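Each structure below is given as structure tokens.
Two complexes follow with subunit A in common, the first pairing it with subunit B and the second with subunit C.
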Partner chain A sequence: MALLENGGAVPAGPLTKADRDAYARRLRNRSLAVAGGSTAAVLIAIVVLVPLAPGWEAVRRSFFSGEVFVETFPTLLRAFMLDVAIFLWCAPAIAVVGLAIALCRDVRNPALYPLRLFGALYTDIFRGIPVILVVYLVGFGIPGLGLPRPWNSPYIWGSLALILTYSAYVAEIFRSGIESVHQSQRNAALSLGLSDRDTMRYVVLPQAIRRVVPANMNMLIALQKDVALLSFIGPVEIFRQAGVYKSLLANFTPYVVAACIFLAITIPATRYADYLMARQARERS
Partner chain B sequence: MTRLTAFTALVLSLAASAALAGGHCAAGKTLTEGKLTIATGNPAYYPWVMNDAPESGEGFEAAVAYAVAEEMGFAAEDVVWVRAGFDESIQPGAKNFDFNLQQYSITEDREKMVDFSLPYYSAAMAVLTRQGVVDAGAAPTVASLSGLKWGADANTTAVPMLQDLIQPQSNPLLYNDNTDVVEAMKANQIDAALFDLPTALFLAAVTLEDGVVLGQFPADRSENPDEFGLLMEEGSALKECVDAAISALTESGALAEIEAAWLADATGVPVIE
Partner chain C sequence: MATLDLIGVSKSFGATQVCRGIDLSVKDGEMVCLIGASGSGKSTLLRCINLLEPIDEGQILLDGEDISRPDLDPQGVRRRIGIVFQSFNLFPHMTAAENVMLGPRRVYRRSRADLLPDITVLFERFGLADRMYHYPDQLSGGQQQRVAIVRALAMRPEIMLFDEITSALDPELVGEVLDVLRQLRAEGMTMVLATHEMSFAREAADRVAFLHDGRVLEEGPPAQLFETPRHERTRAFLSRLARA
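So, the complex of A and B:
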């Protein structure tokens, strides 16, 4: 019997469960105290030391001006609704196109090889081009061909640009999900007399899609931020509105306001994605 | 007699050089002693700077820069050019220029964060559109203009002016720079855009094939005049010296001459009612 680490008295008899529990509790309390102490020390260091920097006053005025924050917040929040709207109509389209491309890449009929090729090319191209370039090309290029209003709207073509790029990523995620379903399950389905189509529909996809939900949550969070790229072709959403304020007020605080508004959405979403992943890990183990 | 004249000339020239060396107001206040560092945009646009080469002194702002430098006591070869965008100019911390000129409009809000010199130019605002829009019935009246689909460069004071002067019926679309505004016009996503007059004239003549400057809000309008100033760091020690130079150039008529030399005559552009 060893001496207890915290220097407690060595019990006379054999260790009971109560003794072990008490020991575990002490250890836990101590690590909690250490974690709390170190976090507090870091926070205090930041709060005390940063304002001591010679340029802090200028930085505070430029980035954290309370006056500008209050002045610009309502308009920026209203502009953010446009981001949400674009996000809401893009996300379902991305899911559908992404799944379709993933299915193209899984086609096993030799006659349909062109589909496979198309799927591979599509993901290669749209994952390889920076989003902003696709937004410019599609957002200005296609309407430039002479489409009449309202069909040349930057909202339509900008959204299409996001859909093209993101569906390429999402397709790869779906494909990884589809490939994670073991071949033996397809064989079993075939032996039960299911067609290829039904095998995919009733056996593979239900498992595949569930497995990639957390990964797709990450794509949703990324999309939520990239919606701001549409501002490059005209729409005045939160990022652009913040830029206008920045220019008029010669102050970067509006960008900080925009960042706060984004965080209010993305932090809960990220935590939810973490939760889903943790739950999935538990189910698998 | 000849000797006397020579002597007088010598005395005079000595006095003049002493005045230059001792009296010039920028001494010790510039980034590099004896040099004047001037920033402009990257790229710098016509007709403000020709061929994106401010060192040539060609273009309105390049010429103004050299005139101001001379007035402050710097020879042309003592002028150093750097590039700095608007964001770099308003960021807190040390700047890499003594002053920055790229059509910065002087506004009260901006004055809180940076220093501006006295204005060196008062810009008329002008409506850039395409022949097709004019053919469809657009006229230089506020009533007609407010029905158009508007665009503007998001980083300019054209954005609030659009609201003040025209009050468009639908929300304007905003872009990063002139090029994108013109691109959107070509794509027929916007009917018209608001620019300062020289920029609008240039875009209509060179960049936009069927571009038309439909009308202008003259520079001397009483509300919201758009005046360009040299931008300096907040609390710049150089401001007084720069202001004195610009006052001198304005009074001597040199600024007006530079303007006449580089900026197109705008009297042909109808005034918007």
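So, the complex of A and C:
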């Protein structure tokens, strides 16, 4: 676009640094103005045009009711703490199981071949089934064995379902990290007389784990959202609580409240993951 | 006290034969330089001696014992042979001191406290005393390569292998690394070097072997090999270098 590429006229003849700086500044100001203008135009269009839609009044009342928002927010926030708690005990378990599965798939000792097979089967199966199905099968199936309290708790088996599924993905992430450590690092360790096991533990893993931190951050964000799936087997966490309110008040605003609460956590976390990823890309170049 | 004898060592990668029956003897305390064009098999030969690559045929005798036998424990052999690589290969997540201590800690089960005096002496000997607690990316290429040498020496190897260790360095940093080699030679370390530093080979080596196409075409004292090469290809290689 000529509008963006043009910073105005410059003096004829040899240019000074001041001339060049001034030109660059004009160019920058112009693109800032254009970006601001176009954003404002879009916002105004939304604010003005959407309320002109015939059903807007009804939608506004059932989805964006200020009254309902204020009324349900504190309870929903408290219900969200249950999501956070489930997340907090699942995340470390996922890290441990995921790493163990990744290491299983890297085993070279023939006697331990069954472990390798198990690792491959595990990741194939749990990456291949929708999370909600695993939640149903484990969450209803295992307590259905007639286990006594507290072993029939949906918290335990629901969490297990999340751990099983997410470990499969996290294992693949760890494995890609392990494979990204250059063979020359392994060779350097082996040439010192280190065993395969020590080479993995002291040289490969510390580098691999660092490299996959951003990718695992993204998994954590997805996990925080998927905790809501446990509502289908019982726990009254935020999604379930919002459903209760919806029925009670005949209003959908509680779902919007829940969405806002999730965003308050996930947007900063996503930004942080992006920042880590960008920093890593800078370090490698 | 170490001698190294290679007898008919052959190695292929798929259809490409990289070593075609290499014979070479290194006496105790000797420095032997391997020269030759890229792809002549120098690096592969060093990696075979260190058992990073299994050989196809021949024998590798360390103090008369065939270390190439596949039924031997490679870890036990590797700790007796130090190797330094072209690209340093320091562990980036550890300080220089941790890099150097990892081998003795894990292989000889020695504690950091027990090792520290020994490795401090090593760092001092090679002018790195003030770099012990730096990470590799805080060191110059020459310093990194000297740390890599110290790391290999900390295992108290009987013989040291050097795989073009100055090739990745800026020209002004080559000297400090070559000084380390001179120092080790003066201390009587048995060493095999793959190198492109002809003037260093000429000055410091006890013997030079010219490799071409996976064979040792000729070997001899540096003065003889560089002044009056017997083989046509050696002459061609040396004159190509002289023109460059």
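Some points to look at:
Keep this in mind: the second predicted complex is superposed on the first by the 273 of 285 C-alpha atoms of A that agree within 3 Å, B and C clash if a C-alpha of one lies under 4 Å from a C-alpha of the other, contacts with A are read in each partner's own complex, and residues count from 1 in each chain.
Rule of thumb we're sticking to: contacts are C-beta pairs under 8 Å (C-beta built on N, C-alpha and C of every residue); 3 or more make two chains touch, one makes a residue touch a chain.
This one's a predicted model, so the numbers in the text were calculated from it and none came from an experiment.
Which of subunit B and subunit C touches more residues of subunit A is settled by the count: it is B.
In the superposition on chain A, A:A58 contacts subunit B only, with no contact to subunit C.
Of the two partner chains placed around the shared chain by superposition, subunit C is the only one that A:S191 touches, whereas subunit B remains out of contact.
In the superposition on chain A, A:V203 makes contact with subunit C only, not with subunit B. Residues common to the contacts of subunit A with subunit B and with subunit C across the two structures: none.
On the side of subunit A, the complex with subunit B involves touching residues 55, 58-59, 61-63, 140, 143-144, 146-149, 152-154, 231-236, 240, 243-244, 246-252. Across the complex, subunit C is touched by residues 184-185, 187-195, 198, 202-203, 206-207, 210 of subunit A. On the subunit B side of its complex with subunit A, the touching residues are 86-87, 90-93, 107, 109-110, 112-114, 151, 154-157, 159-160, 171-176, 180, 183-184, 186-190, 234.
Those residues of subunit C that touch subunit A in the complex are listed here as 50, 52, 74-76, 78-79, 81-83, 85, 87, 89-93, 102-103, 106-107, 151-152, 155.
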